[in-house]
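The structure's right below; bear with me while I get my questions together.
Labels run A, B, C and D following the written order; every chain starts at residue 1.
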Amino acid sequence: MEPLYTGPCTVRFQDIDAAGIAFYGRVFDYFHDAYVAHLAARGLPLHQVIARRSWIMPLVHAEADYRRPLRFGEAYRIELRADPPGRSSYTLRYRIVDLDGQLHAEGATVHVCIDLTTDRPRELPEELRAALSMQEERSG
Amino acid sequence: MEPLYTGPCTVRFQDIDAAGIAFYGRVFDYFHDAYVAHLAARGLPLHQVIARRSWIMPLVHAEADYRRPLRFGEAYRIELRADPPGRSSYTLRYRIVDLDGQLHAEGATVHVCIDLTTDRPRELPEELRAALSMQEERSG
Amino acid sequence: MEPLYTGPCTVRFQDIDAAGIAFYGRVFDYFHDAYVAHLAARGLPLHQVIARRSWIMPLVHAEADYRRPLRFGEAYRIELRADPPGRSSYTLRYRIVDLDGQLHAEGATVHVCIDLTTDRPRELPEELRAALSMQEERSG
Amino acid sequence: MEPLYTGPCTVRFQDIDAAGIAFYGRVFDYFHDAYVAHLAARGLPLHQVIARRSWIMPLVHAEADYRRPLRFGEAYRIELRADPPGRSSYTLRYRIVDLDGQLHAEGATVHVCIDLTTDRPRELPEELRAALSMQEERSG
């Protein structure tokens, strides 16, 4: 399946830990950066979602598997895919690969859409559902 | 089951994200800080393990579930427990609770012990196995 | 001059950079953590200042000098001092020393107190001025 | 004076602090990311410098002035300039501006080139001196 989003993934000088590889927790920063970039590319920038104060989609779960070390100075790409969304929740899947296509880390995040008026889960808004599907929204 | 380690868990001013709560990836920093503090308390400081260059125990998996938001200025505690270890791997479990005992986040990390000479998994060293058990090492 | 505040300063496993020492930018995290701890110790917790939405004290300047490397696994202390405050601004000074008293990093931050109604500088509130002085506030 | 390097500067979702703007320490991450990108663009990638173990150029000083808040979701650019280098040290200057050209933060870092054999300052290597000058290196 084609990724919803793919982009560069940079291991920064300061992402390295005392064992000499990217700190394991930093992959969740990379996952989230890809998610933010994807939402912006689909016309649903996260800062605008937050500013509207209507609904929000916090994480309820995150996980990662580490296959090969991520090193400073090597080039990676990150791919983002979405499982078919539920009524009020959705699962995103991420893969970080090197330029030879070898998998270094993969993982998932699970989000629930919360109505900020009721503070309870709500149906996924149509614009969010669209941003999670392969079809780009059309204007006509 | 009693935790192997319990200690304060501080959400820093700079751990907050644009949605106003601790960034989800920061819980893995909190998990790892508790792990480092536990190893040091058991006489196996991680920086010494790294400096010896004999074996190392990288993560192969990490996960977290988010139950309630973690906020700047509130006080939390973190608890660390270990599953019965395998031959060359071990699983640590973490819980972040507030002072009323309410669970905010929980998760796990899975580590494999690697022999740095062969670059392959090895049996857990006795000192590491001891650090993962409830019995404090005895001297006599 | 005695510090206003002194406390432990921990270089975390994940604060290390690809050159093997604490990333230079992390000292500003350490500075700010000491500032937050000092304000809390003086009964003016930063999260409560923020929640009141009356005034805030953003930074206008920060600087650091690096004397010796900061390493994972070594123990440091941080000291915080304040220059005599101005009308609406104040300067904090920080020193990070090892247990032999050797200086590893030092620096300063300059803050301006902003009235959130007018969005302009205001006189330092008395409770903030007290928190920056050596005399602990008295109750009677 | 034209910048040596100019590139996008992204305030990440997780760079925000409890006061709702980018944490002041994060500008030093942005400064360093620009420095790393510049060195790579000039054919002197920092990870290769580190791997050679011949010389290194740690910071001895860093500073920043904060003119306007940096916010999640707004677009910025960062510019890097170099002062005329000294014998063994050099000063880099950074400006973070928004798309209207308004200055949000500016600062500087001072680096000293250290010979890893003697652990003492050394003359700036020619390739480093070239990377700090406006003239791109020529091949013939």
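Basically, contacts are C-beta pairs under 8 Å (C-beta built on N, C-alpha and C of every residue); 3 or more make two chains touch, one makes a residue touch a chain.
Just so we're clear, the structure is a prediction, and the values are computed from it rather than from any experiment.
**Student:** Looking at C-alpha means, what's the farthest chain from chain D?
**Tutor:** B
**Student:** I want to compare two interfaces, A-B and A-C. Which one has more contacting C-beta pairs?
**Tutor:** Counting C-beta pairs in contact, A-B comes out ahead.
**Student:** If you average the CA atoms of chain A and of chain B, how far apart do the two points sit, in angstrom?
**Tutor:** Inter-chain centre distance comes to 25 Å.
**Student:** Mind checking the centre-to-centre distance between chain B and chain C? Centres are C-alpha means, answer in whole Å.
**Tutor:** The computed centroid separation for chain B versus chain C comes out at 28 Å.
**Student:** Using Cα averages as centroids, what's the distance between chain A and chain C in whole Å?
**Tutor:** One centre to the other, that is 34 Å.
**Student:** I need the residues of chain C touching at least two other chains; which ones are they?
**Tutor:** Counting only residues that touch two or more other chains, chain C contributes 13-14, 18-19, 23, 25-26, 29, 32, 46-47, 72-73.
**Student:** Tell me, which parts of chain D touch chain A in their complex?
**Tutor:** 12-14, 29, 32-33, 36, 45-48, 71-74
**Student:** For the complex, which residues does chain A have touching chain B?
**Tutor:** Touch list, chain A to chain B: 18-19, 21, 23-26, 28-29, 31-32, 46-47, 50, 56, 58-66, 69, 109.
**Student:** What does chain C use to touch chain A in their complex?
**Tutor:** Going through chain C, the ones touching chain A are 13-14, 16-20, 23, 25-26, 72-73.
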